[in-house]
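After this come two complexes, each holding chain A, first together with chain B and then together with chain C.
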Partner chain A sequence: MKITNTRFLLALSAIVIFTQCLTQAQPLNNPVLILNKVDDVINAPKDQDYKVKLVLIDSKGNEKEREMSMLQNGSDKRVVKFLSPADQKGIAFLSLPNDMMYLYLPAFKKTRRIASHVKNTNFAGTDFTYEDMEAIRYADKWVPDLARSENNKYVLQLSPKAAGLSDYSKLVMTVRADNFYPERIEHYNKSGKLCKIMTRDGIEQISGYWVCTESQMEDLKTKHKTRMIMTDMKLDSGIPDDKFTERFLTR
Partner chain B sequence: MKRLILTISVLWAISVCPVLAQDSIPTDNGISWGGYLQANECLRLKGRNNYSWQEYRWVLKAEVKPTTKSHFYGELWVRTWGGSNVMNTTDLTDKDKVSPGNIELKEAYVDFYGFLFEKLDLRIGKQRIAWGTADKLNQTDNLNPKDLEEIWDFGRHLGSEGLKASYYLGDYTLTAVYIPLFTPAVLPRGDWASVLSPSMELPAGMILKSRTDIVSLPRNNPEESSTAGLQMSKNLLGYDLSLSYIYGRDDLPIASEISLVPAGASGEVDITSELMYPRRRIVGADLAGTVANVGIWAEAAVVFPDRATMVTDLSAFGLGIQEMTVLDDEPYAKYVVGGDYTFKNGIYVNGQYLHGFIHERGKENLEDYFMFRMERKFLEEKLKIAPIGGGVEIKNTNDIKNNYAVIYTPEISYKPVDNAEITLGLRIFEGKNTTTFGRVKDNNEACLKVEYSF
Partner chain C sequence: MKKFTDFVFKFRMPIIIATILITLILGYFIKDLKINADVISSLPKSDPAVQLFNYIGEEYGGNQMAIIVLESDDIFKKETIANINNLTAKFKGVEGVSYVTSLTNVLDIKKTDDGLEIGRLIDEYKLPETAEELEHLKKYTLSKEMYRGRLVSKDGQATVLVCRLNDDVDRVKTTRQLREITQSAELQEKVYYGGLPFQLLDLQDLIVQDLKTLIPLVVLLIAGALALSFLSIRGVVLPMLSVLISTIWTMGCMSILKIPLTVVSDLIPVILVAVGSASAIHIISKYDEDHTRYGNTGAETKSAFSEVGLRVILAAATIIFGFTSFIFGSYLTMIREFGLFSALGVLFSLIISVSVIPAILSFIKIRDVRREKTGKPAIVKLMDWLGLNVLKHEKAIIIVCLVLMVVGALGIPQIKRKADLMDFFKPNSPIRLTEKMMKSKFGGSMPIQIVVQGDIQDPVVLNEMIKLEDYLESQGDATNPQSVADLIEEMSDVMGEGKKIPDNKDKVANLWFLLDGQDEVRQLVNDDKTEAIIQATVTNSERMPELVKAVETYINKIDSNHGKFVQTGFPLIYQHLDESIMSSQIESFAYALILIFILLAFQLRSFVGGLIGLAPIVFAVMMAFGVMGFAHIPLDVATVLVSSIAMGIGIDYSIHFSVRFKSFYHSSATTLEALDKTLETTGRAIIINMMTVALGFLALILCSIVPLQRFGILVAVTMISSGIGAVTFLPALILLTKAGFMGKPKGNGSANEKEKFKFVFLKEE
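Up next, the complex of A and B:
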């Protein structure tokens, strides 16, 4: 009886392990599930606090630098403050849910509400637009379609959920199958032409979360690139919600 | 009684200081320095191309954040004016006349965050308090005195020594401001001095020989000199809204007495006038938001002025003393409505309709203005061209043909390196002499501005 039980348990364990292996090896084919996992991974930390060095590279290879501090709470609140260059120091940008955006201009001692028409304009001379700088969950704005699955990567084609939600006609996102982190996003303009490519190089684990410490946005028309390098990253440091208000924007 | 007050004060200090100390986390004791250097030259386009403006400005900003609960900010302007004010050899010994300049403390204040209560922020010192949602031409921005020295720098105000307390209660922000001392507005400098002054018409046969005036400031006490303001703001249905109330004085003077004295046999007269600053109360409201991707804003200020009268002394001519109302106590509303939009090709447009310009007051004296600007950036935002900019002034909508002025202010800016910007602009005026800007149609000018931030 004892031997029978042992055999039974062994057989059961083998079935469980085999099933798990099968499941792991089995690529997902549900694009909505993949995009939700992408959102979960990139927004996994409850909050993020880091410094950003932006390197602007023109078509001739000339470089300019900007420095910012960035705070993010969840997936829909973000504060960006410029630390350099001198003529932009102190300018601060607040992104809140429902397209609420504010810009603090220290020279005028004033916080200005920014309308959604600026979303397609470049953020402080970088290749990132205000829309690119928003903190969002992709699944809230985009409908995914699985274009292909190859080399342990998923390639999703994202179409806007509704007209006017984005200035891009579609995104093509390459997602790593091992951790669901998007490592390349192709941006297509309203004419359906590929206009910008975002690549993420430094994808690593910090405090148990997958994060990207270096990314690059390239404008294919102007041949201009912006490299974004994140440092001093603090995750889950308990940033209070009231940091994402006009009150703190001016400080 | 004094002992009681002293005891309460000490108890209050003992109770408050530890609270502040406990919550304050030291950050960085170092001073952060910054600022910019600006050279601004303007040249008349008519006549002998005289310089109409020359200014060299060095702005120094200092900021300290010793703890998370406090912050100091100071801004100093050091300026020299091109050209000399030398009239005689004595003046040649006076450096202020040979090479005029000035030092101005624009702002110097301390912030206490979470003062007494977690949701209360306090700012004490010389500060700029900018209210309103419109673009530079804000009808509700009436706490700081206007600085019209460079009249085209719309929105520029002096800092005021005072206290601002902001309390954050859920979605609401309540702001209270107290400015103990009245400071008058700075009037336009140089050739522009007359642009905001109404033209003076003398009785037939009289010729102005000289004009002197006395400015009468309010008495130097809280009752006469103070300004107080309250504002409540909130976001409602996606729109930022605020309501405000200000009790203070008009910062632009108004004549209260004029005396005419004969100064020659050929009808020449000397005029002596006295100017004062009438009391006013202002109820304001503003909003900002988005409609179909277009940024919109609106501001309205209903001004409740005290009645101001002017006594004209013509007794030297045997005509006695006459009194007339120069500002009725009837409320009047000034407002601005505007919007902006960025097209897909990067062209940015901005337009505002104003009822009542910055210097206008009294229901019957408010004119209509439409201000606009179109610009686009090129060469990775190094080059900015604004081919269309300016405004239209309409003094009387029933007779536009004889009561209009057009202001055309195209501009081009270039950033050769980070932190540096060179701007070349034109100011062209056309219109009827009945209007504010029509009166300066001979003042067309070209300006070059170079700015370097550090």
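Up next, the complex of A and C:
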């Protein structure tokens, strides 16, 4: 009897050790948890101040550049000002919570409230739609499913929480396992076909936060690409609230 | 010739086996033969208007619009809007569709209480549902010029979904997919399919349908005619075999060379049935004739062949030259290809007639005693009667023919031209009905485009564009002009500056910022903003050439500092096509006439002989023109071929008749005897061929494609008139002029007619 008990205990401890090994090899297998971590990492800085260079590349490889400055407070207040090309200099956007968006056109010296509820409209000639530019937590909109994990990467498949929430039928997101930064997102259109691929290069740590300094969106149908390069990045610099006002737009 | 005959008889088995093998191999390739109904792809790349048109296609996401129209008593209904939304999403996913424009995804620039809204007319994620929302949508949509009469008919009862198709895709496949998607949606609304892609899809289906029904029908008709004429199995089987083999060879070659069948070249099998059978008919006819004369000695095949072979070769060569006239004188590449492959087909049927047919005939032992012994067949009696009357009334015949020719010539000024694709379809075909509906609800579907080069953000250029659009609209036939300038005006309006082009470039650039990257803009301006297009739809009418001219005059007057304006689009291309039909008619007619005259004069060794030989052909062509003028059959892509084809086939009769008559003339005691002999032998073959061919072409009346129907009627008319001309007008002229080329009748002590024939024509031996 005693022998049996000892054997049982041995077997049990073996199982426990084995299970622990398994858990260490696969630290996370809960897709919801992974997606929440993704959202936390992306939205970690309290405020952001940076310049963006947009490079628009057409199917023949011709490039066009645009520059803008971006101020962001939290995840729902944002000011974008165009710096170049010359004929677009001074055009500014302000987006505030509850879908409030203002546009300033310098040649008219007028600010207009603009409603752009349309998700699938491309933003300023880029391959990003207004939906792609939305400052929103992924977990609020998508239900994740862990497709696979490999080579220190998680591959999540995201399906919309409700019909009509997104112009895409699904996203396939590749997340780095070390810092939970998403480095590739495949966008599938309504007929379930892969239509756009977003890739993020230059994922680095600035002021203790993980940020991405270069990303690219490619439209597979038009073969048009947009590269976004972020420079002069200042995080948590304490941007005052009065920068996110209509009056600031005109300045 | 004799050497060749010996060769054929010596190697008759290898010849038959080789033919079977070649036929099997080429026949195998026919499975890859493509059909291309796209008339646009046949436009010559050298025409600047075509170049510009193709350029627009490449730069602006294609210039072919597949249009799906939904019609009901009111399209502003919950279900209909949902259907449109559903179809729009599905169409977008179809490969080859670059843009879709419909009520549920069209760009909308809206003034709101405290600002502006740039978005879609209908939010696809929040479709209007309540009666109130729908009523509001209807009111708003119909109040805006951007939509009224363009996207939705003024009465709100019809709406269009416009799919722009990429240039570099299989458009037929894409269009078919669009139709299948629409059909599977099982809509309550009435659906119409319009625009060039759907027209071409229908045309393609009609070609296939026609080929499937017509070829068996033509084969049956001709077999019947042959059976009646020859009263023997070989008389039916051998000519049909020659046609079948030459058709398979031609189609096989087209497939290997990747030349698709077009609306014109699908006539090739019918042409080969008609023309290709002629050589075989003459050989068999001569064979029968000699068989009667010499009995079943086994040598009859050889003799028949030696004598008739040369005539057959000369006639086929002339027809081949006739068809080559299309290769040089045509605007449309599909007509050039038609000329080339018809010529090749005739060459094949000639090769088969002089090799395979005699090889097969040499195996046949004829047991039957000729039916002539129990009385002459009707056709021979007819010929006897004809001979007598031609001799008696030569002058009357000539006068009647001349009068008929003059009457025919009077019809020429009445002949109309039609270059329009719509004209291909029967009046009650779905495509024509769609066009009619589009005309009444939306004002035409044919695109006219004007390319503007310059700084498109410059208000001066934009204003010039607006002025041109106004001018287009004032012309009545052009509707819904559209350009980026309209969008700028809309934007200016919502910025509170009124619906006009802003006064400085900075303002334009600011407004442009919001439009950048929108589908609507990409279809109208290039990326660098140095080039834009103005497009409008044109109602198809007789007034189109005037519109083209008016626009041309207008844009020539525009100050060159205000941008460079160039016209293209369908009206202009149709005009070029129209002009080309006329010039290629004249060119290929003249070319064929000269060539045939040279060949005839050479063969008869006489200038006058050449002229006389031409007479029945000119007679036949005049008859065809007369019928076209008085029966209102227009010149179109198919009927333009008639005169040259008629010449090619008609010359066959002239050569066979005059050469044979000449040889009988030398061996006969009297002119009547010579004429009788010619009519009973070659005349009989001509009449058989004439009836066969005319019947074959008349079958084209059952075609679904209108130009081919007309073509069938006209070729039948020309065949009958040239056949009759050859057995009446031609001998009457020869007798009247006592043409020197005929030489002298028997009496100068010449040997039998065959020897004489060889003496005159076979000097090469």
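Things to note:
Heads up, the rule we're going with is that the second predicted complex is superposed on the first by the 221 of 251 C-alpha atoms of A that agree within 3 Å, B and C clash if a C-alpha of one lies under 4 Å from a C-alpha of the other, contacts with A are read in each partner's own complex, and residues count from 1 in each chain.
By our rule, contacts are C-beta pairs under 8 Å (C-beta built on N, C-alpha and C of every residue); 3 or more make two chains touch, one makes a residue touch a chain.
The shown structure was predicted, so the numbers you read here are calculated from the model rather than taken from an experiment.
Following the overlay on chain A, a clash is recorded for the pair chain B and chain C. In the overlay built on the shared chain, the residue A:Arg247 is in contact with chain B alone; chain C does not reach it. Of the two partner chains placed by the overlay, chain B and chain C both lie in contact with A:Lys64. In the superposed pair of complexes, A:Lys110 makes contact with chain B and with chain C alike.
Of the two partner chains placed by the overlay, neither chain B nor chain C lies in contact with A:Lys161. Of the two partner chains placed by the overlay, neither chain B nor chain C lies in contact with A:Arg148.
Once the two complexes are laid over each other on the shared chain, residue contacts for A:Asn98 go to chain B alone; chain C is not touched. In the superposition on chain A, A:Lys193 contacts chain C only, with no contact to chain B.
Using the contact criterion defined above for the overlaid structures, shared-chain residue A:Phe123 touches chain C, although it does not reach chain B. Within chain A, the residues touching chain B in one complex and chain C in the other are 58, 64, 87, 108, 110, 112-118, 121-122, 125, 164, 190.
By the touch criterion stated above, chain A contacts chain C in their complex at residues 58, 62, 64, 82, 87-88, 91, 102-103, 105-108, 110, 112-119, 121-126, 164, 189-191, 193.
Chain C contributes residues 89-90, 92-93, 112, 114-120, 123, 125-126, 457, 494-497, 502, 504-507, 509-511, 513-514, 516-518, 527 to its touches with chain A in the complex.
Chain B makes touch with chain A in their complex at residues 34, 36, 71, 111, 113, 121, 128-130, 133, 155, 166, 168, 173, 235, 238, 240, 288-290, 293-297, 340-342, 344, 346, 348, 380-381, 418-419, 421, 451, 453-454.
Chain A makes touch with chain B in their complex at residues 56, 58, 64, 85-87, 89, 98-100, 108-110, 112-118, 120-122, 125, 164, 167, 190, 222, 224, 242, 245-247, 251.
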